[in-house]
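The following pair of complexes shares a single chain, chain A, combined with chain B in the former and chain C in the latter.
== the complex of A and B ==
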């Protein structure tokens, strides 16, 4: 990329990049241009902006970036990330759909998987793409909508029950500093069921990568969707991960976020409960060490009556790392009989670590039951004593207690292979 | 049925909405350096005070009005406010007989009978009152009794004249003029307020009280309170506020600073009942207040208790900086909003010292079209080992057009800290109402009973005299708001 004019801010650089590359991007250009306009209004958030108070995005985006990478991973390298043996594998390599390594040849009935840039004429795609993630809400959504280079579109047809998990593997491997925008759209039609696992990994990377990923999930009436995010970008990946869901009548959507590593991880989870009798579950576990920064934002928007939402976020913070939980339950005027609960528990194990939590309730309906609770502390001395009195060393007593703390969230994983994988990762971490 | 009661209640008149016909000595409208010089000259202030004001004013001019709170209102026009208004007959007063009888009537209407207190001065339980009307302290009672113990309790203006060394040392030490927009404004234009100093080892024998009243129209009230408790001292301080009914929004931007030394304790209670505006949300006071205390030395304690029922827009966060080891901060709050009132209130607990503890109990009640937010910060700094915090903020919604919100911030940088936060939002349970009604208690009384029970934890913390008033206020603000 040649630099034509001297640009100063990160924002200007991004806008200039959009202008120079917009001809080669997929999809409707007007959507992208609107999004860019929204982005140029918001800019890259700094420490003064309320929503990005605890993550330094300006620092993370300092320097020069490429916006795609031509580096190719070998089949063997990709295979090492396929931790679910019997899954439908979709590989997103450096933000783009990789058809060579994706295993989508014999799909179960009712399931369709497309490279997102080939899906633009699909009706379901046209109906839902970029309809729910609000470009005015967050600059990273706007940026992604404007600049996304690829991703996957998954469509589960009406009444189809897909039992095999769909594993979307996001792999980053760059040789120069790269800013990637990948975009996924998942539509699950009425009465259908699906399980989606998204994993984020960095393999054989030699430079800084900043991954800005957006996944939109549409859960139609009576559909059931299980969604998992496994984030493991080691100690140098930057990841902004937005999941936007919209649910219709009597649907059930469960999402899990496991942040196992990554230098900077920001999760934006925006859930819209757009009809009655909906159930939503949000579970999260973050284990931080080194100088990691993990920031989990959730927004549960109760728009209609008689819905339930339940959040459980837990974190263990070590060394110089910092973790943030910012959860908002928003109950609109008409959403009577809402039950919304939120719980955030943290263990801080070092003097240099930081925990910031901001569990918020914004409620405009009176016949509701909403609560949140958060607690932060150290490992219980009494419990350690109890275990030590039974012959465990202090280290193993602590390890056991941390396992027990994490297991409440890990236990919500329904896929056995995935649960074992996460458990093994956690065990390794605590060693 | 319930709607009828509600309608009746909402149309209920604000009890304190009278205007006292006292001639006032006003400064011209607007704000500039000359006005500040005018105020300073009126108050006969020393040069350093004027300099402080001007510095604050200069800084204020560089600031923008904050807009992060969960409230919406038309910004006050700072050039359309009278920054100085003093009840005119202000000669040196030696006894109560010389006070303007109109003024005395005002206080009687407010329920503060100075005369009676004077008469009963031999009786054990008494309250020393400093009355601030339109920014100027009118009368401080029981001054002599207090001075025997070495306690200084006087208007801020007097303190500047008579105890400049104390004012110089402590003013701005907790809330510097650079703190925020309204603190800077207050530092520039404050007209009076209360000053209180409790010397070493003295336990103040009576409750000290300030009564604030806005009277003249078009004025803003900017008072400053400074309370210093020296080693081993104790004081319980009360603050009450009322204002007349007016169509316009009047601005109240006060600063309260508390300093506690070793083993000292200050208990600060507020019953805030500024005019909340009429049932259509017209008029009412903008209450933008900065209140902060610092536990400067070990084993000291600061406790805030507030019952907030008034003001069109409230924006206040009484805070405690827990600097000394083993120091304790407390915050107990009941905030009630009705009609179109908006409240964004809460606290900040900054744990800096070792073994510091803080407790936050906040009860929000919203009715009508109002919005009630709790916003709080608990920060455990690095090195503040064994810090402990417990927060509970509950919201009660009466009616389906109001909102209740919770925005707690928790920032922890020490591994030995234990911090807990809980919040719930709900309405009065049908079963609770049914239980009361089946025992022959009518709807209205049942609601009163339940609301009072809901707030009990906080009301219990109020001094006796205030607790009664607060309970009545709650009843007036809420009766019949649900059904």
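== the complex of A and C ==
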């Protein structure tokens, strides 16, 4: 009974916070109120909740939280997170768009970048905002929709090809326990192309932070979007990161999730394939150690015929950490000739680590090709011996093999500078 | 160079090597022949340091050092090289990068500075030619998608790069067609000098037409039952292994 009381406490606090701050939040209040209602029906998931049973959200949300932070980072501090030198930089500091540090003065033709709270009268914003992420599907989507304090709205106009990557830097730096809800909307119109990199870091933080971030991505007909999440909140960040995509005819959307660190990271990828001849790729790599918990949930919803989706998730689990991959593929009755593939491979380097992997295929069409594969093992002793027999120390042999394991996912990064950055991070990690 | 005395080794409690004695001097080529299950591969694995085997008796000294006390990497660094019967495929690890790491770790062990990049590349080029290994193969992941012959050639290429004092070729001829066999053997012969030694482990005499041994040993039920000049291999080929069985009365 005590548990239930505690859930109510967190939930009640969140609702009370909403009531007191709703007057100052951007956008349409009715959307927020509906979302809050959806949240109050669902509450904070506990360990009995099927979707959240491997992440202890009650523990993560225990205690008092502020819902924004006035702490400001210096230009120098922010610069250290700008690892893509030539990118269009958008800084989201403690959940809010930071215009001072964002580099959006001379944007390429067809690209518009707005502070999301200034975008509410934009037609594309009004057409798409909160139309696809379902507040009844997940309490964190509901909470974010009700309580979001800021973020960015990016619009790529019809036929515009934006070659420069757009780097959205999510920085958290707090002096008191803080619960942040940031919200991004990215609309890529017909025939347009864009590359989006979202990175998540904690800098100079002295208290607990819980970042509940939602990014919605609309990929219109024939558009191509390449999307990356680089999560590196070290061993103290709590991050729930939802990517909601919707794709139209003949579009290609590729999303990559690199979880390099973080105390608790939950990724929800909800992909909707809403027309024919769509391609969706989901690549993920997670490296966990210490007592980190990383949970990747994917939902690929094939609604129409003739689409392809492909998921490749790999993880290396060390020490007492735990990783979860839950991949749901939903093939609706109309979605004939669907090809949907999923692969999850893990290396477990300690006896105390945990891997939970669960493919869930729900297929209602009869002419489809779907497959899933999963494996969990240790590093291959024969390979280690082969390398040692050539003079490599056991440690270098293992390091080389871990790199090799990760390289299948790292190799899918199309931006060279980003690939080098991730490779360097991995090298450092296995030193 | 190598001195094996009364070596006994077992796996999962089953004794495979039952008292091997072997002396190999610099400049020599020794062939070890034997039927399936005689312990040929066990001997090569034990010498390279595979941990699956338990040494129950005997000793192995290599240039005055107790080889059995050394880790597999230290054996390699001291100059022992095993060309594997079944080289493993290692997707994602580039042949060249791994060899560079190997060479530099061996150099560090000897107190030498890392090799200059341009010297390394020149060496790669030269040694590639020696075993007629396509430059593309050298740059690919270790053995990934290589044919049987390419894997064996890659073993000899690695041997050429690492310049071992003692090379143990474990059934390097298995699965090779005659052209590949000639190339592999040619590579081994070119690498031979008065300072290094080679142990050729094989089931068939065929390879010994190309790599001519100084001594041939016949391994049977975990022991060397007969040693002789290169003609012994021909006799074995002619009469088959049954003649050994009769001779040793097994």
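Observations, loosely collected:
Throughout what follows, the second predicted complex is superposed on the first by the 423 of 431 C-alpha atoms of A that agree within 3 Å, B and C clash if a C-alpha of one lies under 4 Å from a C-alpha of the other, contacts with A are read in each partner's own complex, and residues count from 1 in each chain.
To be clear about the criterion, contacts are C-beta pairs under 8 Å (C-beta built on N, C-alpha and C of every residue); 3 or more make two chains touch, one makes a residue touch a chain.
As the structure is a computational prediction, the values presented were derived from the model and not from experiment.
With the C-alpha superposition on chain A as described, chain C and chain B fit side by side in the combined arrangement. In the superposition on chain A, A:321 makes contact with neither chain B nor chain C.
In the superposition on chain A, contact is made by A:354 with chain B only, not with chain C.
With both structures placed on the common chain, the touch criterion links A:367 to chain B but leaves chain C unconnected. Of the two partner chains placed around the shared chain by superposition, chain B is the only one that A:376 touches, whereas chain C remains out of contact.
Of the two partner chains placed around the shared chain by superposition, chain C is the only one that A:403 touches, whereas chain B remains out of contact.
In the superposition on chain A, A:390 makes contact with chain C only, not with chain B.
In the superposed model, A:288 lies in contact with neither chain B nor chain C. By the touch criterion defined above, A:42 lies against neither chain B nor chain C after alignment on the C-alpha atoms of chain A. The least CA distance from chain B to chain C in the superposed model is 15 Å. No residue of chain A lies at the contact with chain B in one complex and also at the contact with chain C in the other.
For chain A in complex with chain B, the residues that touch the partner chain are 50, 333, 336, 346, 348-378. Partner chain A is touched in their complex by these residues of chain C: 48-51, 71-73, 75-77, 81-82, 84, 87-88, 90-93, 97-99, 101-103, 105-106, 109, 141-142, 158, 162.
Partner chain A is touched in their complex by these residues of chain B: 68, 70, 382-383, 395, 397-427. Residues 380, 382-383, 385-394, 396, 400-401, 403-408 of chain A are the ones touching chain C in the complex.
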